[in-house]
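Here come two complexes built around subunit A, the first alongside subunit B, the second alongside subunit C.
And now, the complex of A and B:
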């Protein structure tokens, strides 16, 4: 897998807890907030483009990768999005895994936070806004 | 020009009528006239004229249909006689084809609203009308006659199933291959149309639910699946509090939170528990909350109509750490139980929220104040409590409560119960710590409490909700917000249905709080004029943080206003414009801003589903009803009964 060595490689290798390796498009990986954060840092993972996911076994990881591609394919469409099929018995495990991989809550917070950040620079007095962030409906 | 047929004018005795029926009758709109119009369109004007002459001009739709039918039948009989010498087989085919066409036409005439079964192909609209009535244009070739295809010019034999086609004004028939191609094209066209409709419908539905129309996240897919199969789940495991709350909300929405499913949420280390719909949880299961989760600090039960005296007593003895409790609709709890509850647990309590019960009496409140009042007690909500009917009791509040951060007194039993003096008194004691103040429906309050209550005392206030205070005027508002220096700005404001307010109040409020405002509700403040929106204030980005704005029934809001707000509020995400019929889809809005409540959004959706004028109007009325419910939702907590 020599092409994985290049930093801007189009593909990323994901390794499950039981040692299975998945070569996945980088674009698809970036849908997951956690993977995006891992791949965009200066740690070893981003150099080798390889991420070890000790928490996920191969069955779960393959389902997650399936979702990433599903999201990549249909995210810009408005209609005709087929249902994403999940085996019922996997739902709970997958929910935990999905929660781990998608730091959506964080990114939302950051979005709003950045707005406030800019504000507090311009108007130092509004610093208190942070302390009231618990009142904001957009932060769960 | 009112058109009435004989039947309706003869009928003098009628049952009760809806306004809509009366209106339609007055305008002369009825099923017959609509059908008549449709018929005329189908047969072409020429024929209609001839027939009108024949029938003396007063032929009803049904009669016309009958006449047409008879004519055709006669014609077919004549033809049959002529063609006796032809072989039997072709005759049969002929008859079959005619029957088919007639049936198709009848279907067309009979229920012309039946446009929905688009998947099926009928050739009624192309061949039949002209063939039956205007033989002059193109004569249908005989069975097996050779003719040129209009599309590809190839010679072919005409049969019953040949398709009539008009190209460049020339009418003719299509050969088999071209016909298939044409049918395929039509089908795909229809399919596209249906898809477009589905899309519009989905988007309109999502809009009403305030959702973005996006691809679901993996979590949401899982949660949906889990909620669907909740009966098979044995335990949640470590799915996290956020996900658990989400599942809880979905179950409540589906009304499937019951004795069995509620136990899934009970864990011994749980500190916060929220059940949004307890109406299906019986009394013994409610006891389980205290039995399984003794560490709960914050408990919130909505629609808890099954909460018995015993339950509350059990909570009081078992939940030693309970600090916050919020109950909506606990109407089985008696006065004496409330008192003993506060006596047992009151010293711990920091927040108490109650709504929708008539058994919370004056003595209950006194017990609450005596046992809980003091520095620790910070949250109080008293909403829709018809048992509190003494002004004196309300006047006790300032004597016990000194450190309130959140205060809601809304929809009192009678408006006289809450007056300016009592509230000014309360604010003078608690104003320093108060962050949220909700006084919806206390319509006895006037400008006085704004000027001498809120302005001098409430320095930390962040949220102010004054829904339905019709006695509050510009004078009070302008005085409150002008030079209100001790307050740095409000974040949530609701002036819903403060109908006396005009431009001046809103301008003063915005001038004071524009930089901090996150949510603003001006629903039904209908004296706001269009000049207000055109003022210089909206030319600059003062409303930097504003994310939710409700302008429902503010009639001066139109496309132009939407565009102005679109520009000057960079963070605006939801803009509600229910009831403003000059807001159309023409307004240009950026991505990320959702405008809810425009007629144009819902009308494109009506065109798809509704079948005639009546049902369209009815659907519109329903939607308006939904809007009203939406508008009332925030404060109108559903009673559990």
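And now, the complex of A and C:
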């Protein structure tokens, strides 16, 4: 995986809290506001192209990565977008993870595509996740 | 919806897993967490970020915010940035205090570094920004960072560093203006960008640049512009000022486009326009030394274009140019008079020394009129060229120049007469060697002058008079030209204006046809009477061309009480023609006007046979000597008895055939200029001329300017016809409307007459009064201001 060492590599290594490694397209990672900042700011992670996520286990991370690819594939489509499958039992965990990873972070400096906003409208479960984030008891 | 449905009934069977404890469950020690973050912030500020883990810092701040430590975290971060600014950066900047440039460089460096570190801190604390700041309506860390930089670096200690920056930048700009020395544009630009980025205080939205820098900068610029414009004005030269200012504006634009924000630039441009152009232009353009007049006179097109552009910068109405051009054009009128006189007078002197004929003076005034019109055309061409090439055909200027020219033309009294004389000269003489296109072009130009003329009826009067003489004397080069000119006038003013002119034309044509018909008739008759005596016939044969003129078309005075006795031979011819004509048109009356005709007489003198063309009157006098002995003498009174030519006219005729040096057909005793009652005349047997064909000049018939009394008469007659025309217009209007208010009637009358002349309101009022008196109109009984038409 030597090409991961290069800063402009197309791929990024994500490591789950239980030590599983995922090689993910950088482009897909950038959909998450948090990952985007991590990869674009000159800290340890951006130099090694590796991000260890202590908050997420492999099961959760793999589902999240699935979503990132799904979003990447369909974000420019306007119609004929298949549903994204979310196992009911994972819904709450995904909700919290989505908040952590910030999939719709916007500020003057981070002009993340509005694809996810659109998706959250088209895909009730992500809308569901977002609307829950307002009620999240852990968020002050 | 389907998802919601499925999740709804899956709830029954599947339990949703709660989030793991590691994510949000465990307790958090704020102080421990802050220690880590505080250390990291310091590392970031000293550019050691690469050893830090973004994920770790983010996770810590995430957990702090989730645990409701957002406020403490926010405040602590700001506090640590503030400390860094005050203790670290400020002292670094102040340590470079001696050298201005080093100081600016240091400010810039610290600013850039601070910008970077604040951004990184803000990035790491993105969860704080996103959740805590947003919910509490606080600024993001990055934005607070900018405010802190403003408050603890730039404005700290009574704006200490800020003032210094402003002073240095303005000094640099001024240095560049004065000496052209190149300043570090990129540094200046960067510093100004920094000032712009510093946000405004809460009470007003203006950023630091707008509030603190811009006013000082504009003041300094104003001072500079004032200084420099006063310096250049001192040269007292219009063109120098214009050129220098143009260069200065270009320099300023180049200078400032490099480092000033877009919002300031227009303010600076305004300032330049006001101080450099608007304020001084009135003085500059009036300088005698290459002022506007001078440039116009010399047709300096690029320079005028420059002036146009400069004026356009500060006044889209171009008022100053309008005013100045008005003055200049009106002044041209006087210059034109002088110039024309100078052009004509040398010819005058020359001819006077050659021959002391009286008529040269008059001819030269014709020349004067022609030259004057030519000069006017030249002048119009000049302004047209300036307008086209220097002023981009600006509509407003075109209008102003046009109306000024109108005024110029209409203030000089004789424009109508001069223009008509000019056209007369063109058609009679000047067009001889020109192509059709050239002639048309000149006629088109004279129409342009015509358009400017207010008193079109006066022009019509002169034109008719001149045309009449051209037609009767067959002086026009071509009828085509005459017709083309008339159709041009027609295009301008409509058929009613030219109907009389066209009528004159028609008369001449019909007369020609009649004359030739009469000639063949005569030949036939003669052949019948004496078929064998051809020789006798040709000897006695008299040819006649008669022009039948409709009295209303022609401007010639009718002499009904003319008792002129035609010589015998002419008399029979005349009667024959009368019979011929009246047989065709029996209801008409023919009145002969011998004073306009000419005769050709073949005369044998001692030396030679001459063919002499002379006025009919002179012809009649000469005929008295026909078939008489060579020493036959007549006194003036005898001649008068025999011919009945009016005495004044007779004197003139006798002068031209006995006094004028080239056409001395008669010998007058005593020989003197004046003709007296007891003078005696006899044939001059020794008459000699180099040419076989001799022409006795018909003094009264050539077209030349009128003298004052003649002009007075013309104007009087125009005034008279204006009265009738005004009457007619008023009656026409009232007949159509039946009733009208005073103002309506006034306006409509002016509108109807404007093609002919500009009626003064007093004239209209006076005519209305007259019509009231004559009971064409009556005032309404309800309203004194309303008139009714009385059928």
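Keep this in mind: the second predicted complex is superposed on the first by the 103 of 140 C-alpha atoms of A that agree within 3 Å, B and C clash if a C-alpha of one lies under 4 Å from a C-alpha of the other, contacts with A are read in each partner's own complex, and residues count from 1 in each chain.
Operating definition for what follows: a contact is a pair of C-beta atoms (placed from the backbone, for glycine too) under 8 Å apart; a residue touches a chain by one contact, two chains touch by 3 or more.
Just so you know, these numbers come straight off a predicted model, no measurement behind them.
Given the touch rule stated above, what does A:81 touch, subunit B (first), subunit C (second), both, or neither?
Touch status of A:81: first partner only.
Would you sort A:91 into first (subunit B), second (subunit C), both or neither based on which partner it touches?
Both partners.
With the two complexes superposed on chain A, say which partner A:67 touches: subunit B (first), subunit C (second), both, or neither.
After superposition on chain A, A:67 lies in contact with subunit B alone.
Please indicate which partner A:102 is in contact with in the superposed arrangement: first for subunit B, second for subunit C, both, or neither.
Both: A:102 reaches subunit B and subunit C.
Across the two complexes, what residues of subunit A are contacted by subunit B and by subunit C?
86, 88, 91-92, 95-96, 102, 105, 123, 125, 128, 138, 140
Which stretch or stretches of subunit C touch subunit A in the complex?
The contact residues of subunit C facing subunit A are 1-4, 6-7, 10-11, 14-20, 22-24, 49-59, 62, 65-66, 68, 70, 119-120, 122-124, 126-127, 129-132, 135, 140, 142.
Can you check the complex and tell me which residues of subunit A touch subunit B?
For subunit A paired with subunit B, touching residues are 64, 67, 71, 74-75, 77-81, 84, 86, 88, 91-92, 94-96, 98-99, 101-102, 104-105, 115-116, 119, 123, 125-126, 128-129, 132, 135-138, 140.
Please name which positions on subunit A make contact with subunit C in the complex.
Within the complex, subunit A contacts subunit C at residues 17, 33-34, 37-38, 41-47, 51-55, 57, 83, 86-93, 95-97, 100, 102, 105, 107-109, 123-125, 128, 138-140.
Touching residues of subunit B toward subunit A in the complex: what are they?
For this pair, the touching residues of subunit B are 195, 198-199, 202-203, 213-219, 221-223, 225-226, 229, 232-233, 236-240, 242-243, 462-463, 488, 491-492, 515-516, 518-519, 544-545, 547-548, 571.
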